[in-house]
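As written, the chains take the letters A, B, C, D and E, and residue 1 is the first residue of each chain.
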Amino acid sequence: MFDFSYTIWIVLIPFFLFILIGFLGNKFKPAVSGIVGSAGLFISWILSIYTAYKYFFVVGRVDDVYQQIIGYNTLWLRFTDTLHIDMGVFIDPISVMMLIVVTTVSLMAHIYSTGYLKGEKGFERYYAFLSLFTFAMLGLVVATNIFQMYIFWELVGVSSYLLIGFYYTRDTAVAASKKAFIVTRFADLGFLIGILLLSYYCGTFDFLTLTSPTGPAIGTPPAATFIGMSVLTWAMILIFMGGAGKSAMFPLHIWLPDAMEGPTPVSALIHAATMVVAGVYLVARLFPIYITVPIALQLVAWVGAFSSLFAAIIACTQYDIKRVLAYSTMSQIGYMMCALGVSGMGGHEGLGYMASMFHLFTHAFFKALLFLCAGAIIHAVHSNYLHEMGGLRKYLPITHITFLIACLAIAGIPPFSGFFSKDEILVAAYHHDTALFLIEYVVAGLTAFYMFRLYFGIFWGKKQDYHHAPHEAPKSMTIPLIFLAFGAMFAGFIPFSHLVTSDRHIFELHTEWIIAIPSIVIALVGIGVAWVMYLKPTGIPGKIAHALHGFYRAAYHKFYVDELYLFITQKIIFDHISKPIAWFDRHIVDGSMNGISYVTNQASDRIKGFQSGQLQQYALVFVSGAVILALVFIYLWT
Amino acid sequence: MTSNQFMFLLFSAVIVIFSILTVTSRRILRAATFLLFVLVSTAGLYFLLKYNFLAAIQLTLYAGGIVVLIIFSILLTSHIAEKLPTASLMKKWPAAMVALVGAALCIVVILQYNFPGSVGSTELVNVTDIGENLISYGRHGYALPFEVISVLLLAAMIGAIVLAKKRKD
Amino acid sequence: MNILLLLIIIPILTIIGILFTRDNKQVRVVSAIGMTFQLITSAIIILWFLAERHAGNTAEFLFASNYVWYETLNIHFYIGVDGISVAMIGLTSMVIFAGIFASWDVDDLPREFFTSLILLSSGVFGFFISLDLFTMFLFYEVAVIPMYLLIGIWGTGPRHYSAMKLTLMLMGGSALILVGMLGLYFNSNPAGGPLTFEIPEIAKVNIPLNTQLFFFPFLFIGFGVLGALFPFHTWSPDGHASAPTAVSMLHAGVLMKLGGYGCYRVAVFLLPAAAHELAWIFLILTTISVIYGALGAIWQKDLKYINAYSSVSHCGLVLFAILMFNETAMNGAIMQMISHGIMTALFFALIGMIYGRTHTRYINEMSGLMKVMPFLAVAYVIAGLASLGLPGFSGFVAEMTIFVGAFQHADTFHRVATIIAASSIVVTAVYILRVVAMMLYGKINKEEYELITDAKWYDRMSVGTLIFGITAIGIAPLWLSNMITNGLGPMIEKLLPGMN
Amino acid sequence: MLMLIMRHELLLVLITVILLLVEIFLPADRKRKIILPALILFGAVMILGFIPGPTGSLFGGMYVTTPLTLMMKNIITIGVFIVFLQSVDWLKKEENKEKISEYFLLLLSTLIGMEYMLSSGDFLMFYLGLELATIPLAALAAFERFKEKSAEAGVKLIFISALSSGILLYGLSMIYGTVGTLYFDEVVNGINGAPLQILAFIFFFAGMAFKISIVPFHLWTADVYEGAPVNITSYLSVISKGAAVMIFTILLFTVFSKITIMWKDVIYVTSILTMTIGNLFALRQQNLKRFLAFSSIAQAGFIFLGIIGQSQLGMTTVIYFVLVYIFSNLGAFGVVAVISNRTGKENIDDYDGLYRTNPKLSLTMMLALFSLAGIPPVAGFFGKFFLFTAAAQQGLYILVLIAVLNTIIALYYYLLVVKAMFLNRSDKPIEYFKSDGYSRLGLAICVAGLVIIGIYSPVYEFINQFTFGIY
Amino acid sequence: MFEGVPLSWFLILSTVMFFVGVYGFLVRKNLITMLMSIELILNSVCINFVAFNKILFPEHMEGMFFTIFIIAVAAAEASVAIAIIINIYRRIVNIDVEKMDEMKY
């Protein structure tokens, strides 16, 4: 058997980069950090590619089944004899796929950032955090057990926090980072409890054991129930809660749009391509268990579908281009979740699973590309807002082309990558649940609409008077764009059903044109509407907004979810829980302790009269004391 | 009623009455005089009990010595004609209560106690015996207390002198 | 000569050394040298301990020495260590070492300051190595009393009040302990014959359940006061807030651990049956501690209060875990003690240093400090992240061990308690991030803050030591976990018959 | 050499006589010269006391010496020696120069009284010893004739002591009436717990409780302590009380051993009262002497915990505690005395910032107070701990709990003094001064005692050799 | 019973006298009158001792000797007390016990 133990270095290299840049970064010139970081990551990338090659094409497949290989494993912490956290590398199709995604996008982001953040204060800090993130994300995807995943899950969260808050002097960035961390942390609590439940009843953290068909979770599922559902269902729902938090599913999505306060490459890397899909990855990782608990799977599907619709509607109304992209991301991840939710197990039944992973893969390319393009645009015009842009196609040709490619990809126009993956999702949904299918269908149209709304608004539309002429980004930024554009164009041709499937058996895929064609049509309709409305400045958008007055405003205000959260946190937790507790502590608990001393002092003051200084009173007490003692002990005492 | 009983009752009547007068009289010299009566009648009781020597001591030391000491100090510190202020009722009542309850308690307990009924010897105690006992150092000899009391008296004397010495200016 | 004795002798020698110093500088240097030796000694003890264990020495307590002290009462000076006490020794020496450097700029009566501080630490060391209840109790009080002077003389704010409250409440706890201890003593030999205070001896005795039930609350609450058990925690916020830096460090870092350690080693270990019977009451209290401390911290504005409440929460988790009565949870409890010890010491060190620079501890009066003191700010963020249980830091290891352990109880009561306790990690995130956001991020709000200088070498020494501690444990926890598990053996053996 | 049995008392009488003679023949302007010889003589007596000698009874059992009483005498002799050392500073004051030898004579005579009391074999000797130990003290309390407070203290002491001895005598007379003898060894057999005997015991107890300052017989304590000269106060609070405690313990354990079950409860009740009320009053004091008076009342309550243990452990601990208490209280009073003599300041407020001007005095005071509060590693901790152990031995955990809670209150007010000295700052603190050599020697002995007695366990073991309990 | 006089008579007498003394001690304001009350108390105790000695335990003279010593002690006590009283009188020209309350609480 091929020895995969070197794969640990894919994970460790970014870690050492983090240590190196983190501790010594400020000793070098800033540029050095960027170069070192990118170079280091390049090695990781090469190793990942090599691993993928080896796995998919040389050693991984045995009798048309991809093997699950533990590349590396070491005991990290022991809880009980069966429950212990290992640190290792788990190699199977999805983890290898994720390795590629993560290292590729990360590498692109690294390279891109050398240009994008040039001259920023804290450059080395940025690279340190970026390395940390890459390390954490890689650790997450290769996790051999659910606890390792949780550990890196948390690390991913914190590096996301640090990167969102990179511009720490900006209050909005600080608030956004805090929000992101706390919301995902809350979701992670569910994840943690889910892990605890699952591991308690299954006696292991190990993915291999957990997902084995004869394992404790699937073969002999725990019989215990809680409020009418089996504990396994509860565990999976709670775990999904963690995934939903990370993947910004409704209602835990509120942090994602705000997270756009971070530097744009970070948005591309973390909040579009990699971290936010961790939730999808988590569900996929535990998919063999999810398939045994239909309620949880149903939940996944509906949450995904609802989120995708919800986000798509909001995306249509936003003006901040990064926010639009953020909602788009949320929408697309909803797609992936939905696909998982409608998937079955094995062969063609598992189409949804395959489609989800496929979409994850292609989405990584085109969404990262979109963000990086947005970065280039923002870099050029120094604004995030759509109405401050327009007619940029002349100034930013490369960006224009790549952006267009990405838009086409996400809109699902063949032969761009998005078409293939999205089509499979729709097929899977169609075979599973018509309602879901229809939702996703509408979302596909909306996606095309809002993406081209963006596209036309930025590159066509009314020409703005720019203070200084926008100019194309430097090479370090355009090269990643071009690279990713190639990915967005051609990734769809990868035969995913031969590589990543629900039961790791390969199966043949055939396009169902009966679904594909309408989906192309609806995408084209969306593009057309956008064309009409936004190619040139018209009054149509305003009229429509006026016509849908209430709904538009609600969508514009993101359906007031933020306000609801604010109400819960600020009013309920702060004002009605924490403040009373502080009061209670000060006045009741502390007060009772002070009360004891007060009472003692009062008692002391009350009895001072005994010590009156009057000799005869002393004598009186003396004699009566003796008499009373005598009385008591003669007559009352037995 | 035997003569002894009569004498006892007489003495005790004197004692009780004059005791009460001692503690209630508003003229201090009278109080001292009443005290003297009490002490003398006590000596009478001792005579009654055939403790002549003790009675003599009582008369000389107590009635003679201490009362004189007290009278001297009265003369030094008070005006004879002056009437003592009476204590407030707030003071008298509790005191009276305590005294009454205490007395009642003691008397009840004493009466309840079953003392052995031995009739005491009516013999007069021999002064020689007393003297021998006082200087004997065996069982029931009192040589040691005798010495100790001398130290005590010496110390009291020194103390009294130190306190009463006039300031040399 | 027993190497453990060095742990008491070195502080005493250091104090003697301080008496001969001439100026402030010498005082510091002597203290630093002494505590460095202490740290080295602790490290040697840990390594030696591990080596002995590795070599197959299975004695319950290593380096044990037993000297008769009061023969009539059968009081012994009995010392020895197992995996748990060794770990605590390591913690203590690390914190006191950092504490010395953190108080480098004390200039009011420095001699007295360092003397008290070191005296306090010697009490703590004595406590951890004692195997005789009497000496344990003695060292406990030795450790508590210098606090009064330390807070009262060198503290800030309502220091007199806080010092008094703290001392009285802790001594109140020790009063309860005393009663419980005497109860143990007089039940230590049901067959008649000499009574004993020796923990290993008492552990062998089967004390009748009713007796246990009577004395357990005394011991558990008694130690619980120091472990900030709700509602006996109120000394903690005021005490910490008023104490000078090094004292807060030692107090929250080490002294509060005396409570947890005592609950573990004395209350639960010696009275297991009662512990089982009464666990539910104290579980409720500790669960309240955990969530209450965390929620209480949210509202606070004073950095030290935030940390004090956070300590209540974290220390509550220690007691919570001890009451779970299984190996994993108890292991977690001990790790949490160590983790929280280092982490909170780091916090208080940083708060002291920040206060020294900004002269305020109110987070709403500070802003943007990251810019002017990056080292301290980053360290603070690290401490914060460690506190909210981020993987890679010790807090995560400890908390996860606790939760996994606590989850081994399948009944609803334990489950609910565990989930409530676990939810504190979210609340912790809220208040930690709130502080970081308000204080370190944003723009600088006062001109004078522009002139702030970053950490001095001694500050870095102090902070660096502690950060090293939390990350080292956080990254490679296995050796510690194994060492502790090893020490838990007798406890688990004793508890098992009581299970079910 | 039967007289050797009585060597303590005889030697004391001897030096009393010597001092008396010297006093008579010494010219008025050279009275101060008497101090050093007196101290040397007394020191010699103290040391001679430690030389092992014969024990036994004399005067037909009226005087009994056992190793136990010898040890007790030695303990109080050490205490008196420290008191003497501490009073030199005060005696050297101009206003006292007339009374130096009287001071020694009176104190020595009270000491003689106590030693007789400790060695007494019957109630007569006991009573005489008690009176000898009290009456000169009243004179000493009023010693500073020109201060009203001192005179008031003298009045209160002599009158209350007279009343209490009256009550005690009434009790004794009843014991005599029911038992027919006053010799301890015979009284034991006659005690049977009849109501009259209970009455007698209670009255007797009241008399003793007066000496030990047990609530409700304690009210004189604070006033007398405050008014009397500091050294007399320390003598009263330590020596006089300590001796009374020790003889009372012996009496309870021997003479009244038949009614243990009864007196245990008496002591139970009074000890709780004493601790609590002593502490509550101490809380609010400003004058240090008064403060220490109430503290010493509370300490008496704690001592009762040992007695209630009624075992050998209890008795050993009581004696041990008295020893510790001598050092602690004399340490505290020593500092108060030094400062009072130098500055006339006796209030806690006056001690603000003392540490910064007089660190050594403050440290001594702190150690002494910590010892009183029972804080390790000073000896008081061990004393208190053993007292609690003794009570717990009887299963009286509730009593122990009340007592330990009381120690918290006690700690509070001791810390108030520590707070004044160490924590508070003052605009006009007590200036630095160098106390005289005698005082320093006295304080040094106290500190050494405080540090050593606890940690060095043979002291306790030594006491334990001679003690006994009721079984 | 002593020649027709029961023991209890003596005891009752002494008890009454004792508490009369106590009463006097508690209410008399003048220090010297208080001293007299003390003498009453001591005297009553003497009667007890003597009566017990004579009537119940005549073989030894313990009670009688005790009485002698009580008288001697009383004398010593009285002398010191009077010295203090006179000293006070010199200071404040008053010997009212109620004025002696400079120290209290």
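The rule is simple: a residue touches a chain if its C-beta (ideal position, glycine included) is under 8 Å from a C-beta of that chain, and two chains touch if they have at least 3 such contacts.
Quantities reported herein were computed from a predicted structural model and do not represent experimental measurements.
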item: Chains in simultaneous contact with chain C and chain E; value: A, D
item: Chains touching both chain A and chain D, listed by label; value: B, C, E
item: Core chain by centroid distance, with centroids computed from Cα atoms only; value: C
item: Distance-maximising chain from chain A - centres being C-alpha averages; value: B
item: Pair of chains with maximal C-beta contact number; value: B-E
item: Chain centre separation in whole Å, for chain E relative to chain B (CA means); value: 6
item: Distance from chain C to chain B - Cα centre to Cα centre, in angstrom; value: 70
item: Distance from chain E to chain A - Cα centre to Cα centre, in angstrom; value: 97
item: Centroid spacing, where centroids are CA-atom means, of chain A and chain B in whole angstrom; value: 102
item: Where chain C touches two or more other chains at once, by residue number; value: 168
item: Interface hub residues of chain D, defined as touching at least two other chains; value: 124, 128, 131, 135-136, 138-139, 142, 145-146, 154-156, 159, 163, 167, 174, 177, 195, 199, 222-223, 284, 412
item: Multi-partner residues of chain E (each touching 2 or more other chains); value: 11, 18, 21-22, 25-27, 34-35, 56, 60, 62, 65, 69, 73, 76-77, 80, 83-85, 87, 97, 100, 102-105
item: Chains that touch, pairwise; value: A-B, A-C, A-D, A-E, B-D, B-E, C-D, D-E
item: Partner chain A, residues of chain E touching it in the complex; value: 22, 25-27, 34, 97-98, 100-105
item: Residue numbers on chain D that touch chain A, as the complex places them; value: 155-156, 159-160, 163-164, 167, 195, 198-199, 202-203, 205-206, 210, 215-217, 219-220, 222-223, 262, 265-266, 269-270, 277, 280-281, 283-284, 409, 412
item: Interface residues, chain A side, partner chain E - complex; value: 608, 611-616, 619-620, 623
item: Complex contacts: residues of chain D adjacent to chain B; value: 13, 16, 58-63, 98-99, 102, 105-106, 109-110, 112-113, 116, 124-125, 128-129, 131-132, 135-136, 138-140, 142-143, 145-146, 154, 174, 177-178, 183, 194-196, 199
item: Complex contacts: residues of chain A adjacent to chain C; value: 75-80, 83, 85, 147, 150-152, 154-155, 158, 161, 165, 168-169, 171, 174-175, 177-178, 181-182, 185-186, 189, 192-193, 196-197, 199-200, 224, 569, 573-574, 577-579, 581-582, 585, 589-590, 592-594, 597
